[in-house]
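Letters A, B, C, D and E mark the chains as written, and numbering starts fresh at 1 in each.
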Amino acid sequence: MTLLAVHDLAVARGGLRTVEGVSFTLAAGQALILRGPNGIGKTTLLRTVAGLQPPIAGRIDMPEDTVAYAAHADGLKGALTVAENLRFWSRVFGGGDLAPALAAMDLVALADRPAAALSAGQKRRLGLARLLVARRPLWVLDEPTVSLDAASVARFADMVRAHLAAGGAALIATHIDLGLEARVLDLTPFKAKAVRAARPAGFNEAFA
Amino acid sequence: MSIWEYANPVKFMRTSGAVLPWVVAGAAVCTVTGLAWGFLTPEDYRQGSTVKIVFLHVPAAMMAINVWVMMLVASLIWLIRRHHVSALAAKAAAPVGAVMTVIGLVTGAVWGQPMWGTWWEWDPRLTSFLILLLFYLGYIALWSAVEDPDSAADLTSVLCLVGSVFALLSRYAVLFWNQGLHQGASLSVQSGERMSAVYRYPLYLTMLGFGLLFLSLLLVRTRTEIRRRRLAALQAREMRA
Amino acid sequence: MIALLRRDLSLAVRAGGGFGLGVAFFLILCALVPFGVGPETSALQPIAAGILWLGALLACLLSLDRIFALDHEDGSLDLLATSPLPLEGAVAVKAVAHWITTGLPLIVAAPLFGILLHLPGAAIPSLLVSLLLGTPALSMLGAFGAAVTVGLRRGGLLLSLLVLPLYIPTLIFGTEMIRRGQDGGDTATPLLFLAGITAGVLALVPFAAAAALRVNLR
Amino acid sequence: MIALLRRDLSLAVRAGGGFGLGVAFFLILCALVPFGVGPETSALQPIAAGILWLGALLACLLSLDRIFALDHEDGSLDLLATSPLPLEGAVAVKAVAHWITTGLPLIVAAPLFGILLHLPGAAIPSLLVSLLLGTPALSMLGAFGAAVTVGLRRGGLLLSLLVLPLYIPTLIFGTEMIRRGQDGGDTATPLLFLAGITAGVLALVPFAAAAALRVNLR
Amino acid sequence: MTLLAVHDLAVARGGLRTVEGVSFTLAAGQALILRGPNGIGKTTLLRTVAGLQPPIAGRIDMPEDTVAYAAHADGLKGALTVAENLRFWSRVFGGGDLAPALAAMDLVALADRPAAALSAGQKRRLGLARLLVARRPLWVLDEPTVSLDAASVARFADMVRAHLAAGGAALIATHIDLGLEARVLDLTPFKAKAVRAARPAGFNEAFA
């Protein structure tokens, strides 16, 4: 079953195209790793897939309510405890139990700690645990392993593998090796030609 | 050819460049002759020479309101049809409208001093005008605060819609709050009996002049905005390359 | 939606007495006014209704500015936008949470401050009713302003510039109602206007606010 | 220090008209007051001095809340604290930048707003002098409040709560000076007090503010 | 020449000790890499060395104005351009030229771009370029390579090597391998015993 099909997609940031002509499909059980140098447009592409900004050209086909997005910021409230943060997202997404999610990211011991009192890596682990309670088939992850130590990276890889085995899919932008057996898409060849600005179809050269 | 074709920036630049000199000339002729004619009118038996402020005050006040209406229309066009020129025209119009409002307020204040013995009175007409100025200021501030031009256009358009509703509401609320001493619309239906023809015709002429003045400022400023957008795009493109 | 409401309320409570702060600000403002205008009853009584409403307005405004800004900074807003919750609903819920933490305590405390400012007892009922009808519109309009300015640095002052003019009709009808209550006049007309404005605002503004949020998330 | 001042000023200017916003807010406030208290000269004149000072206070307050918060959020404050700049100097510079962007435009615009509120012409000089002497203290005290609340979420209201009581003496002497100017009385005494308070505040508060900042960075 | 000497240091976060008994010295030309699992106390230790918080026990000896600190947040102003941001920090630290710093982090092409329009990795590169204009001998870096692509990590390593060769020193907390030939200090054995709360000497057991 195809969860995500991207056809000839072009995305823009700040009024200028970043990448264009990107096509790929993701079926259930598959993961795709996006690579590319800083500033090529990975974040922009992921935000477009997550529906936070419109594509400039091309099509994105997927069923509704498919995506769980995790970005650089984790969306945590420092005043709430780890468990409360997780419970909130679980309720919003009409989602699952906390216990397995806490266990998967080794947060059980920290469950009653306010999120403000977590270290950088612990915060990130909580942000990833949110994916498990969101119960969405497609994970769209932007540099998920930032600040994680080696053991946590391995734990994260296990989590992704289990998600894929359960029929999910994942689209991951990263600079480091995650130890996942997944296809890799390097965005470098899709860099937008400098001459083509991002503008609606039918627009004249004289403008932007 | 549909009228929307003119929303194409190139076509707009070409057409506006062609008509601009004529509009400017018309504005100059009407404003200057209207004001000169108005200045030569006889003194009013009650208000003395101060009545001549009317030739600045009324056209400015009228334009202040009309400019806002024009911005509302342009915002709607942007929101519905997403023509960049209309968004930029709304942006270009706002400072002109704000200045017109300020001219109306200042000339009114200068007039109020001999007439009512005070520079400022919380009369509903004047108060509504002050509120209109606030809406203009908010709109301009929002344009300058948002970096991305398309987001700025979207946000200011939404603000213009909501603001228009509340500007109208405020007008009624202010009337409810205080019945004032400002004259009613003396150029409306029974205009004949309230303002003599000596004043009326030069007033019509200055009103036309101010309308044309606004149009020429609008065209010039919109052209500037388009060029600025193009410049920014070219710079960004170069940077990216 | 209930989850969001509960989260916002518990955040307000934990972040150091969300309920109390608005009232405390209101109190300080009411305490400052006599320093500004002089302590005589004759000076205070005529302006009491206006000061109470202005205080409510400003207390509202000050607590508003971060209604979406915090969620934007820590990324929650992105996540909410990709969640099954419609953004309009999220906006409405946040306005409700703001009203509960700021508007409601103000209403409860208002009679006390009325006494501080020598408001006659006869005006207290219309004070309460006018606040009860008017403050929800303040919260909702504030949420709209916050949605428009989210993500802009220096939002605070810009927000006030955008929102305060929208508050004018509510302010006028609110104070007019108290003043009429004070003089024993007819309060029905301003009451109807107030209720009408609030109903209209609650029905329509969430859509405008959600549209603004979507633009700002882009 | 000059570098910091220049950066803060250019940030204020780029973030969308830093200079104008405070004045615009002041204008709105002056426009709202008559809606609250009624349009008659007899109602407005006695409270004009108080309202003008309260407006200056609030415009100051609203622009204050992010004076350190922004630098804290993006990490600049940590870096400034480890830089050769003494933290006391940094605090003072930030207060100066705040005064230039908020206090100064207010002073320039104040006579106009005095006219709106029917302040008699005789009171305009004392209005200007009192603002000129008083507003630097407002900025500096505000910087202290901002330093104490930096890093707290929902700082806005808490900040007002902390800072407004500190503003009371300035407010009292400021309005008193205008009122005496209006009645042709002796303005020397309140003027001296105002100047004294401001001098004291400028000399001592930077140290308290820097100490508060150090604690909050810990 | 010894730039930094740490004796039997204990640091605390949120009222609880994180690590204790840490001792090391850093001479000019040396780098020390701190490792340890998430939440062990690396960030806390670095902030203490940078002088942002006081140590609970032990001593930190170093000359004044030695440290340039770079944390998770980069201290950038989005409204200012890349060059303006850098120039500001250069003025504050009474420091050096912009051109070499921009060149070292490959930012020359971006110099006139507002910092808000940078991607995550570009921002981080600007944050690191700041170290060069600060002209401080001891760099204290908390996960400096987060979001950097492989080429930028190599460039960063070169920059550190040049700094060491010029008589500087560096104390770096990181989870990934930087390719630097430096001593590594694993903090795991120094983890504070759970029973000892952080309190000043002479404090009574009944308290804290």
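The criterion applied here is as follows: a contact is a pair of C-beta atoms (placed from the backbone, for glycine too) under 8 Å apart; a residue touches a chain by one contact, two chains touch by 3 or more.
Here the structure is a predicted model, which is why all the values come from computation and not from measurement.
On a Cα centroid basis, the chain most remote from chain D in this structure is A. Of all chains, the one whose Cα centroid sits at the greatest distance from that of chain B is E. Interface comparison, B-D versus B-C: the pair with the greater number of contacting C-beta pairs is B-C.
The distance from the centre of chain B to the centre of chain E, with each centre set as the mean of the Cα atoms, comes to 56 Å. The distance from the centre of chain B to the centre of chain C, with each centre set as the mean of the Cα atoms, comes to 32 Å. Our note on geometry: chain A versus chain C, Cα centroid distance of 37 Å, whole angstroms.
Averaging C-alpha coordinates per chain places the centre of chain A 48 Å away from that of chain B. Shared interface positions of chain D, defined as residues touching 2 or more other chains, are 15-16, 21, 24, 28, 35, 38, 73, 153. Residue positions of chain B with contacts to 2 or more other chains are 131, 134, 137-138, 141, 145-146, 148, 177. Across the assembly, chain E contributes 72, 79 as residues in contact with two or more other chains. Against chain D, the residues of chain C that register as touching in their complex are 12, 15-16, 18, 21-22, 24-25, 28-29, 32-33, 35-38, 43, 46-47, 49-51, 53-54, 57-59, 61-63, 65-66, 70, 73, 152-154, 156-158, 160-161, 164-165, 167-168, 171-172, 175, 179. Within the complex formed with chain E, the chain D residues making contact are 2-4, 7, 10-11, 14-15, 71, 73-76, 78-85, 217-218. By the touch rule above, chain B contacts chain D in their complex via residues 109, 118-123, 127, 130-131, 134, 137-138, 141, 144-146, 177-178.
Within the complex, the chain E residues that touch chain D are 50-54, 65, 67-69, 71-77, 79-80, 84, 88-89, 91-94, 130.
Every residue of chain B that touches chain C in the complex is listed here, in rising order: 131, 134-135, 137-138, 141-142, 145-146, 148, 151, 154-155, 158-159, 161-163, 166-167, 169-170, 172-174, 176-177.
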